[in-house]
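What follows is a single structure, written as structure tokens, with notes after it.
Note that the chains are named A, B, C, D and E in the order they appear, and that numbering of residues resets to 1 at the start of each chain.
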Amino acid sequence: SKPSEKIVVATAANVQYVMKEIQQEFEKESGKKIEIVVASSGKLTTQIREGAPFDVFVSADTKYPEEIFKNGGSDLKPEVYATGALVLWSKDIPETDLNPQILATGQVKKIAVPNPKTAPYGEAAVQALNALKLYEQTEKKLVYGESIAQTAQYITTGSVEAGFNALSIVLSPEMKGKGHYILVDSSLYKPIQQAAILLKHSETSPKKESSEAFYKFLYSPKAKAIFKRYGYK
Amino acid sequence: MEIDFSLPGNSILALTGPSGAGKTTLLRQIAGLAIPGSGRVTFGQNQWLDTANGIHLPAQQRHIGFIFQDYALFPNMTVMQNLEFALTRNRNTELVGHLLETAGLTQLADRKPHQLSGGQQQRVALARALVREPELLLMDEPFAALDPDMQLQLQDLLLKLRRERPFTVILVTHDMGEIFRLADQVAIMENGRLTRIGTPGEVYLNDKIEGLLVYGEVLTLERNNETLTIHAWIDGKIRQLDIPSHLETQMQPGTRFTLHFGAGNSEIRVLKT
Amino acid sequence: MEIDFSLPGNSILALTGPSGAGKTTLLRQIAGLAIPGSGRVTFGQNQWLDTANGIHLPAQQRHIGFIFQDYALFPNMTVMQNLEFALTRNRNTELVGHLLETAGLTQLADRKPHQLSGGQQQRVALARALVREPELLLMDEPFAALDPDMQLQLQDLLLKLRRERPFTVILVTHDMGEIFRLADQVAIMENGRLTRIGTPGEVYLNDKIEGLLVYGEVLTLERNNETLTIHAWIDGKIRQLDIPSHLETQMQPGTRFTLHFGAGNSEIRVLKT
Amino acid sequence: MTIHPFIHSLIQTKLDFQPLLLTFKLASITSILLLVIALPIAYWLVFGKFKGRGVVEALIGMPLVLPPSVIGFYLLLAFSPSHWFGALIEDWLGLRLVFSFQGLVIASILYSLPFMVYPIRAGLQSLPASLREASYTLGKSEWQTVVKVLIPNCKPAILTAFVLTFAHTVGEFGVVLMIGGNIPGVTKVASVAIYNEVEALNYPAANAYALVLFAITFIILLLVYSINNRLLRVRQPA
Amino acid sequence: MTIHPFIHSLIQTKLDFQPLLLTFKLASITSILLLVIALPIAYWLVFGKFKGRGVVEALIGMPLVLPPSVIGFYLLLAFSPSHWFGALIEDWLGLRLVFSFQGLVIASILYSLPFMVYPIRAGLQSLPASLREASYTLGKSEWQTVVKVLIPNCKPAILTAFVLTFAHTVGEFGVVLMIGGNIPGVTKVASVAIYNEVEALNYPAANAYALVLFAITFIILLLVYSINNRLLRVRQPA
């Protein structure tokens, strides 16, 4: 199909691994082509507001899609397609020793978290540290990654001794087997809900129908199963 | 600077005077490269500058040739290209070859300026200024870095070109021979003013000095057979002179004397101290 | 280039010859600014260059003064700073003031080079080269852009400084008067070779002449009855001389000649051009 | 025979060459257009008579001061059809600058302006005044003087400006990502592709892209500098 | 009285000045250190005898070619204590380069190298050879010649280099973001702060930061250029 008829899916960076598989599955099922454009949720939101030619926006949280909805970028309210899980991850500390308490000890000099201002996993990590009453002891050790991917780089290159990240990243094929991780108790942070939104199309748009189809597919059991394999709930 | 002079058409004016007098500045003002606080410049029928009436013809339209004291050759062009750059459309392209030839530059036509000696650069600057067949040629010490032969050759070229097609020349120079050889008029500039202007004869020959007097001081005196030889300090240097033997008693070490070249005879006169 | 010459210590050599002959190149090689393909340079007891033995003393250690044809003043420094830059520690700081004074630069001490006229720049270059009290002074047309008075004045300064502290000078010049006034030896360079070397008399008159030779150039010639009167440019002044009438055909304007003061008689000899 | 795993992974990576082509297309167009724009600006800064040159000079440097993605953000706002400027361009030229190649070119030009202007300005400033004057006395117009005399005589400066601009546009991605929207074949240049691969934690692909970009640009610069060094050898009299 | 909402939101924004201070500290230190490093490199590129200069010249330009965040990524690998280089530095100097101000300085120096070297190189290249030679004949060492003659006489080029480097370091954020880790007071510079605010869709704060950064740098550049224009006025004989 022509490029102009491809569905363009704006995808938050940390969902891109799953999206690849979703894309394959959808293309197989529907015969329609998808183009995935990856950037941070904030950038994509700004671009959508300024008229970027995207059809569906798959965000890493609920805040950005709601912002778009409020600004009239869509007729449909955003919907949560998956809920993420937070992990504590380290390159060198063995799984048996890995627990939140170790962060307060001298063994850990730096802790990487995604920027809590922009990344939902970062927000969750800070919530968890607070809930464990570890925040004050560890605040000085925190370094902030611009994105979940950058935080993963800090951890896997050994630039920090440990850090928080998304289960989906740890399970991704690229990161498999790099270091050790434990799941953080999900009661310690608010659920990390990730929402998508179907962007406005004119009635005559050739892509209107296929975009709707893709949007629907995101919430299908087939997609759910893929999300699950990547550690989403 | 306060300058006021006019010049008959197609004549050669030599501009001379002490270093820093303002010769280059005057030349630049005539060329339109510098603008005086106030003043007027007229060439033939054309008003080039009149500060009172806000007239200021840019250098490009004055149809002049200018030879800079530092040559100002274009470093990116070869000698040939420097000359060709000066060509206007519909102009005599043969002139370029002719000028190169006369200035002895044919062999160097493909060199860049930084591959030339000082005198070669000066010749290129001269040739380049002539390519345009200017009506007024302004030259800032154009022959200073040249050997006497080349000087004569280029001065002859200049005179020859003026015979073929008359044009006016203003030339800054310090060389008296050049002034007498080339100039119809000479102007002496001092401290930003023209102190004298006239033909070389008018300007200089009233001030002439009769004969030549050279001062000296005896250092040693020696007699060899008939001849008397002294070493003397003359004109800043030690020189050996043979002198008439009757001067022996007068010319003892320490004596000051003059040598006088007069009408065919030299004389030695002892100075009283 | 094929050059082979030696020079008595503390003498003045004038290097002359047509434009492009290689004078500047030779000077640069002596200074260590250019390296010849092969050759040797010795100064006094010191080996400066010996390509066969891989000896090459850098310019800094040759203790020379060099006056560039384009002056090479430092644009970022004032006149004073240009001179002070040349001072070595433990050196005569009074000399700077003295040199400024003699070169007529005291008033201009705070100017930058681009605010100076051509001749003023040349004087700064000369003064700067002398600050270091070099043992060998290499000068590339150092007086070319100066008026005759200033030329004489600076030539006198040079001679005076040499009287106080002898040093060797090699000087590129095209000015015959300068050669006769200053040079102990003159070398003519043509096409990269020294074609002649000797005293000015030997070189220009083919005569091993002793005594005083004064150089002149005929400006005008006049016959009044029996006497033949010339105006000539001699030693920086226009002088009127009466000359033997048989010289009429030879002493046309433009002729270069010498006055020789020998054994009681002066002689006029015409120079070949 | 054993192959280092890094090289192995490089060989195995299938590269998409479109972003690379797009990069060099963008860099070439930007550099050439910018040269044309920057020359008169630099000339005016050096030889112009206007008093407020210092202000303009400082303003030209401003694109350097803000992070690229922030400049991209402001350009996005300005280029967007809902802004008067974007609307104007769309009305007049029928061109939408956001998410289009033309928009990238304009953004890159704005962003790289100081890289082109400043070095050329410095080059023109250090030419001796007599070169210009000599050309004027030969009857040449200001334009001829600039083209035939001034520009050829500050080649090292212009070369520096061009190289800085070219290389900088190759490496630029903040602005491009923001107003380009990462659309394959249109605005997805190599730097964005590398960024994406790194973000996707797909290091072998990122390395491969980086290596190719590096190698091509290195060869270009090497050629440029070798030619330059041959042409502009420091003067050494024979 | 009504106030434009943009200005209103600016006034209401409480700015954290620490990132701004940190930015100018980083930019100053980087520019000064880089000047010291770049001068000998540029000198050697122009006057050195070594054949392979073209290669070195091209290599110096390479930091421009890769997207900053990618350079940051490679630097992160190198600086990390698990890499031999990072380990060496930590062992020898007790300095961890990742997430430290020192690391930012080193990264900025590497990243801005071409901005400093290239213009200075072009400036040195266009000086007449006789200046150097004159200094040598006056018995001055190579060092004295460089310091007293060559550097003062290519001021416009050095100024350009300095301004480009300074402004570029102010605006740089890709590398800084990557190896700095965004730590308040240590590595969170203004450009990163602006970036964060834009990402968080907190535009008034971003605008306020951008404006302050803009204003301060504008004033600095304006001063620099005014002084420069006064000092280096194009030669106009009286």
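FYI, contacts are C-beta pairs under 8 Å (C-beta built on N, C-alpha and C of every residue); 3 or more make two chains touch, one makes a residue touch a chain.
Being a predicted model, the structure only gives us computed values, none of them experimental.
Trainee: Through how few touching steps can chain A be joined to chain D?
Mentor: Shortest path length, in steps: 1.
Trainee: Looking at the contacts, which chains touch chain A and chain E alike?
Mentor: Expected: D.
Trainee: Which chain has its C-alpha centroid farthest away from the centroid of chain B?
Mentor: Greatest centre separation from chain B goes to chain A.
Trainee: Please compute the C-alpha centroid of chain B, do the same for chain C, then give the distance between them in whole Å.
Mentor: 18
Trainee: Cα centroid separation between chain B and chain E, in whole Å?
Mentor: Measuring from centre to centre gives 53 Å for this pair.
Trainee: Just how far, in Å, is the C-alpha centre of chain D from the one of chain C?
Mentor: Distance between chain centres, rounded to whole Å: 54 Å.
Trainee: Using mean C-alpha positions as chain centres, tell me how far chain A is from chain C in Å, no decimals.
Mentor: 85
Trainee: Two-or-more-chain contact residues of chain B, please, as numbers and ranges.
Mentor: Counting only residues that touch two or more other chains, chain B contributes 24, 70.
Trainee: By residue number and range, which residues of chain A touch two or more other chains?
Mentor: Only 43, 46, 150, 153 qualify.
Trainee: Show the residues in chain D shared as contacts by 2 or more other chains, in ascending order.
Mentor: Within chain D, residues 69, 73, 128, 198, 235-238 contact more than one other chain.
Trainee: Chain E touches which residues of chain D in the complex?
Mentor: The touching residues are 46-47, 53-55, 57-59, 61-70, 73-74, 114-115, 118-119, 121-123, 125-126, 128-129, 154, 156-157, 159-160, 163-164, 167-168, 170-174, 191-192, 194-195, 198, 206, 210, 213-214, 217-218, 221-222, 224-226, 229, 232, 234-236.
Trainee: Within the complex, which stretch of chain B touches chain D?
Mentor: Listed in rising order, the residues are 31-33, 58-66, 68, 70, 72-77, 85-86, 88, 114-115, 128-129, 132.
Trainee: In the complex of these two chains, what residues of chain E are touching chain A?
Mentor: 73, 76-77, 79-83, 96, 98-99, 177-178, 181-183, 195-196, 198-201
Trainee: In the complex of these two chains, what residues of chain E are touching chain C?
Mentor: Residues in contact with chain C: 128, 130-131, 133-141, 148-149, 152-153, 155, 235, 237-238.
Trainee: Quick check: in the complex, which residue numbers of chain A touch chain E?
Mentor: Touch list, chain A to chain E: 40, 42-43, 45-46, 64, 67, 91-92, 109-110, 112, 115, 117-118, 142-146, 150, 153-154, 157-160.
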